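Here the chain labels run A, B, C and D in written order, and each chain numbers its own residues starting at 1.
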Amino acid sequence: MQKFINDPSKVVDEMLEAYIKVHADLVSPTENERVIKYKYAPVEGKVGIVTGGGSGHKPAFIGYVGRNMVDAVACGEIFSSPPAQMFLDAIKVADAGKGVAILYGNYAGDNMNVAMAMEEAEEEGIQVKKVVANDDVPSAPKGEEASRRGVAGEILMWKVGGAKAAMGGSLDNVIEVAQKAVNNTRSMGIGLSPCTIPEVGHPNFTIENGKMEVGIGHHGEPGIEVVDLEPSAKVAERICNVILPDLPFNSGDEVVALISGLGSTPLMEQYIVYNDVEKILTEKGIKIYHSYVGNYFTSLEMAGITCTLMKLDDELKKCIDFECDSVGMRQFQRL
Amino acid sequence: MQKFINDPSKVVDEMLEAYIKVHADLVSPTENERVIKYKYAPVEGKVGIVTGGGSGHKPAFIGYVGRNMVDAVACGEIFSSPPAQMFLDAIKVADAGKGVAILYGNYAGDNMNVAMAMEEAEEEGIQVKKVVANDDVPSAPKGEEASRRGVAGEILMWKVGGAKAAMGGSLDNVIEVAQKAVNNTRSMGIGLSPCTIPEVGHPNFTIENGKMEVGIGHHGEPGIEVVDLEPSAKVAERICNVILPDLPFNSGDEVVALISGLGSTPLMEQYIVYNDVEKILTEKGIKIYHSYVGNYFTSLEMAGITCTLMKLDDELKKCIDFECDSVGMRQFQRL
Amino acid sequence: MRFSGYASVSAIITMQTFTNKAGSVIVDKLILVIQENKQYLSDIDGLTGDGDHGINMNKGFTMCREELDKNPGDLSYSLKVLAKILIMKIGGSMGPLYGKFFKAIGTALEGKEEIGITEMGEALKAAVNSIASISPAKVGDKTLIDTLVPAQAAYERAQVEGKTLSEALEAMKIAAAKGRDSTKDMVAKLGRASRLGERSRGVLDAGATSCCLILHVIADAGKDILY
Amino acid sequence: MRFSGYASVSAIITMQTFTNKAGSVIVDKLILVIQENKQYLSDIDGLTGDGDHGINMNKGFTMCREELDKNPGDLSYSLKVLAKILIMKIGGSMGPLYGKFFKAIGTALEGKEEIGITEMGEALKAAVNSIASISPAKVGDKTLIDTLVPAQAAYERAQVEGKTLSEALEAMKIAAAKGRDSTKDMVAKLGRASRLGERSRGVLDAGATSCCLILHVIADAGKDILY
C-alpha cells in the first residue's frame, strides 16, 4: 500500500484537521468534528444546503462546501455512510430558519441514515427536504431509476441547488430545481484499476491489465460488463450509447458535460475522453453549454472516469452560470 | 497500460483540442497549435507572461494560463521541451509592447530552446527577459543551486509574476518579483510509484512496494535515496529537514505552503502530509500565510507528492492575495 | 404477572418469564460477545468485504457499555440506548440496521415488567419488520437477514405449537445457526461482497455471523434469568 | 580552388576537396540514414530511455527533406535548413543539440565554394564548440559527446599529421564508431538514462549511435564526391 498516511483508522480525521486549516477562508469546523460548514453558514435568509457521504471521494463531498454551494457536510469513514447524528448536526448548522435541503446520493446506508436524521430534525422543528441523486445509468435498468446509484451527477445537483438557494429561493424552489437537475442528469463510469482503503490495506477488487469495467460504481461496485480496453473514441461511443437514449438527450438539447477522473487517471486522458464525447454530441446536434473536466468526484486512487450529462433549461443555465466559491468548484459569475 | 487514449502519438494534440473547447471562456488557440493563450492576450498595457515545457504535468503548464496569470504557453510533447519556435510564438502572442517575461523551469532542453527563442524574439524587436525556477532542493547540493531543477515552485513564480504584471508592473518589476519568488522558494518530492508515457507503453522506472524515492523529480528523475516507506509524519519531517535549512526558513517567517500530488496520490493523503508539515512549521515558529493542497503539478499518474515553501515579504503577499482565474488556480481577491 | 405459591408444572412452564429489570444482563452479555468476537467478525468480513465488521460493531457496543455504566437501566431501556448509539453514531449500513433491530425490540418490550413468550415473540417480529422497512435484503442475499428471518420464524413456529419460551429460544438458536451456515454457499447479492460474484461463495457472511452471535446471547442470557 | 590539368599525386591528395554545391548530397544521405534507422535508434533509446530517439530524429530530418524538395541548395544551405528545422520545430534536447551541430557546420562552410581538409576541420571544431556552449555533457557521460568529441579529435590529429581529407574522414569514422561503442560500458550521467544508474551499463547510448551514423555519412558521402 503506497500511501502517505499515519494511523489508517485516522485518515479522515487527519484529513479534516488539515482541511480546515488550509481552507480557513472558506470553511469552519463545528462541534461535531466530522461536520464541516461554510464559514458564514447559517447564511441569514438562505435555505441551507447539506450533503454527506462516505469519505474517499475528494473533492467530494467536503470540497463543495462554500459560497453559493453546500453549507454543511457530514463526513463518514472511507466509503461508509455517516451516522444519522452527523447528518443531523450538519442540518442544524446549515439551518438559518428557512429550512434545509439535503442533497445526497442513492446508497442504502445514506438513505437509512438521512431518513433517521430527517426524523430527528423535524422533531426539533427544522424543516428538511431531500433530493437523492440517482444518475448512474448502468446501476439499474430503465424503469428502475429509483434504485440507481448517485455518482458525479451529485455535483451538478449541489451546484444548481446551491445557486438557487443563494438566489433567494425557498426550500421548495431549491428542492424542485435540485430534483430537476437530477431528473435531467445521466452518468456512467468506466474503471481501469482498483483502489485500496487504508484500513483494509489491499485493493478492493481487481481489473486485469488490458480490460476495463464498464459501468463501475464509485466504490468499485461491479459494472455491467468487463471488456477489452478500448481507445478513448470507443469508450466515448460506449458511454453515449448508454446514457443518451436513457434520458433521452435529443438533437437541439443543450447540456452540461462533466468528465471526472476517478483518482489516478491523468487530466490529459480526461480531456481526451471529453474530446471524443464532444464530437459525438456535436454530431448528434447536442450542444455543450458548459463543461467540467477534472477530478471532481474520485474513488481514492482508482483509475477510470465518469461521464455525466445534464440537460438544461433556462433555470438550470442560470444556476450553472452563477458565481460560486468552493475548493472543488470555483467559478466567477459567467456573463 | 490502463489509459484512455487513441493514438499515443496524438495525446497532446487531442488534449489541447479538448482544452480549448472546455475552457473557451478563458483561453484561445493561436496559429501555432501547440501555443495556447489567455483569451484576452495580449493584454493592453500589461507585460506578457509566458511559460512552457513538456506535457504530462497537468494542470501545469497550460492550466495556469488565464486572467492575472500566464498569457501564453508552449506545450511540448510528453516530458519533452517544446522547440524554440513554440516558445517564440508564445512570446509573440503574449507581447503587448511592454515586453515579455518568460518564467520556466530549469531543464536542459528548456534552457536551450528558450535561449534560442529569446534570441529570435529580440531580433524581431520584442523585449524578453527570463526567470528560471530551480526550487527542487534534492536535485543539487547547496552551492550548486543553479543546476537544481524547477518543480512545483514554478506555480508560485507564475502566480507572483502574473499578479505583478496585472498590477501594472514593468518588465523589470515582473522579472524582479518572479526572481524573488524563486529565490525564496524550496521544494522536495517523494515518489511512491512510476508513470507510463503513452508512446512508450511501460512504466518509466520502478519503485518497490514498501519503498519510497526521496527527492524524486517531476519526470521520475532519481532522488537522493530510496528508503522504506514511512508514515506521513516522518515523510513531513524528512522534507522539512531538507528544505527548511536550505533557504533557511526561520522562526517568525511567513510562508506559502504548497503540497501537490504527483498524479495518483489521493487528495486525502495530500492533506494528511500537509497536516504533518504544518505541525512542524508551527512548532518552529514558521507561520503559514496561505496554502495550496491538490494536484497542482503532476507527473502523469505517478504516486507521490511535492512539498513547496515560499518565504514571503509584503510584496509577495500582495501578489499571492491577488485575484486570478485559471484552470489550475482560481482565487477570488483575498481581502 | 407474578405467581405466588404453587402451580402445575405445565402452567409454570407456559408462564416462563424474566423481568425487564433482570433482562438488562442480556445487553451486558451482547456487549461482551461483540467485544470478544471483534477480530473474528472482521476476519470473516475481510474474506469478502472490507474487513471492518468487527470494528464497526465493537465501536458501537463499546460506546453503549460506557453509556450504560454511567446510566444503567432495564432491558428495554438498555436496548434503546444501544439502538440510539448504533443509529446516531455508527453510520454505514450496520448502524441503522442493528439500530433499528434493537430499537424495535426495546420499544416492543417497553413498559412490560415481565417478558414471556408472547412479549418476546412480538419483539422479534417487530425487529424483523423494522429491518425490512429499511433494507430490501431478502433470504438468500447473503446478509444478516439469512440468520434473522429463519430464526424469528422458528421461534414463532414454536410459539404457535405451544412450546415454552425456553424451547422457542432454543429453536431460534438452532435456526439462527443454520441460517448463518446457509450463507456459506450463497453468492452475495448486496453490500460490498456482491462485487465478488461467484467468488463470494464458500465463506460465511459477516453480518449473518454477528446476527447469530446476538440471537444466541439473547436466547442464552434470557433462559438464564427465567424463573 | 579548382585545379585544371595535371598535378603531383601528393599535391592532388592534399588538395582533395569537394564542392559546396555537390556536398548537398551529404544532407540527402543524412536524411536517408536517419529515416532508415528510425526504428533502430528508438529501440536503443528504449533500453535506457523513453524509446523515442528515432522518432524525434526522423521527424526533423523528414521535415528537412520536404523543405529541401521545395527549395534545394548547396551543402551549407542545406545544413542550415536542417539546423533551423531541428532548432525551431523539434524541441527536447535533441532539437537544439543537433540543431547547433548542423548550424555550426553549415555556418562554417558558408561562402566556401570548395571544401577541403581545412574547411571541414574548422567546421567540425565549430560543431563541437557549439554543442559544448549549450550542453554540459562531457566524454564519459554516455551521450552523443562520446562519439563526437573523439571523432573530431581524430580528424584533427590526422589533419595535424598532414593526412588527406579522405584519411582524416576515415580516422574520424573509426574514432566515432569506437566512441559510440565506448558508451556501452558507461553509466549514464545525463538525460533520462541516468535514472537507471548502474542498470544503464551494457547498452549503447542512442544519441551516441545516431551521432556515429551521422559522422559516417558525412565521411562516406564526402569521400564519394571528392575529386
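Everything that follows uses one rule, which is that a residue touches a chain if its C-beta (ideal position, glycine included) is under 8 Å from a C-beta of that chain, and two chains touch if they have at least 3 such contacts.
Treat the numbers as computed from the prediction; the structure is a model and nothing was measured.
Peer 1: Work out which chains are contact partners of both subunit B and subunit D.
Peer 2: none
Peer 1: Could you tell me which chain lies farthest from subunit A when each chain's centre is the average position of its Cα atoms?
Peer 2: If we average the C-alpha coordinates per chain, D ends up farthest from subunit A.
Peer 1: Taking each chain's centre as the mean of its CA atoms, how far is subunit A from subunit D in angstrom?
Peer 2: Result: the chain centres lie 58 Å from each other.
Peer 1: CA centre of subunit C versus CA centre of subunit D: separation in Å?
Peer 2: About 84 Å, centre to centre.
Peer 1: Any idea how many Å lie between the Cα centroids of subunit A and subunit B?
Peer 2: 29
Peer 1: Quick check of your reading of the touch definition: is the inter-chain graph here a line, ring, star, complete or other?
Peer 2: line
Peer 1: Mind listing each pair of touching chains for me?
Peer 2: A-B, A-C, B-D
Peer 1: In the complex, go through subunit A and note every residue touching subunit B.
Peer 2: 2-6, 11-12, 14-15, 17-19, 21-22, 25, 55-56, 58-59, 63, 190, 192-193, 207, 209, 212, 229, 231-233, 235, 263-276, 278, 288, 291-293, 295, 298, 300-301, 303, 305, 325, 327, 330-332, 334
Peer 1: Given the complex with subunit C, which residues does subunit A contribute to the contact?
Peer 2: Residues 9, 76-77, 79-86, 88, 108-109, 111-113, 115-116, 197, 199-200, 204-205, 219-222.
Peer 1: Of all residues in subunit C, which touch subunit A in the complex?
Peer 2: Within the complex, subunit C contacts subunit A at residues 46, 50-52, 55, 87-93, 95-97, 99, 134-136, 190, 192, 194-197.
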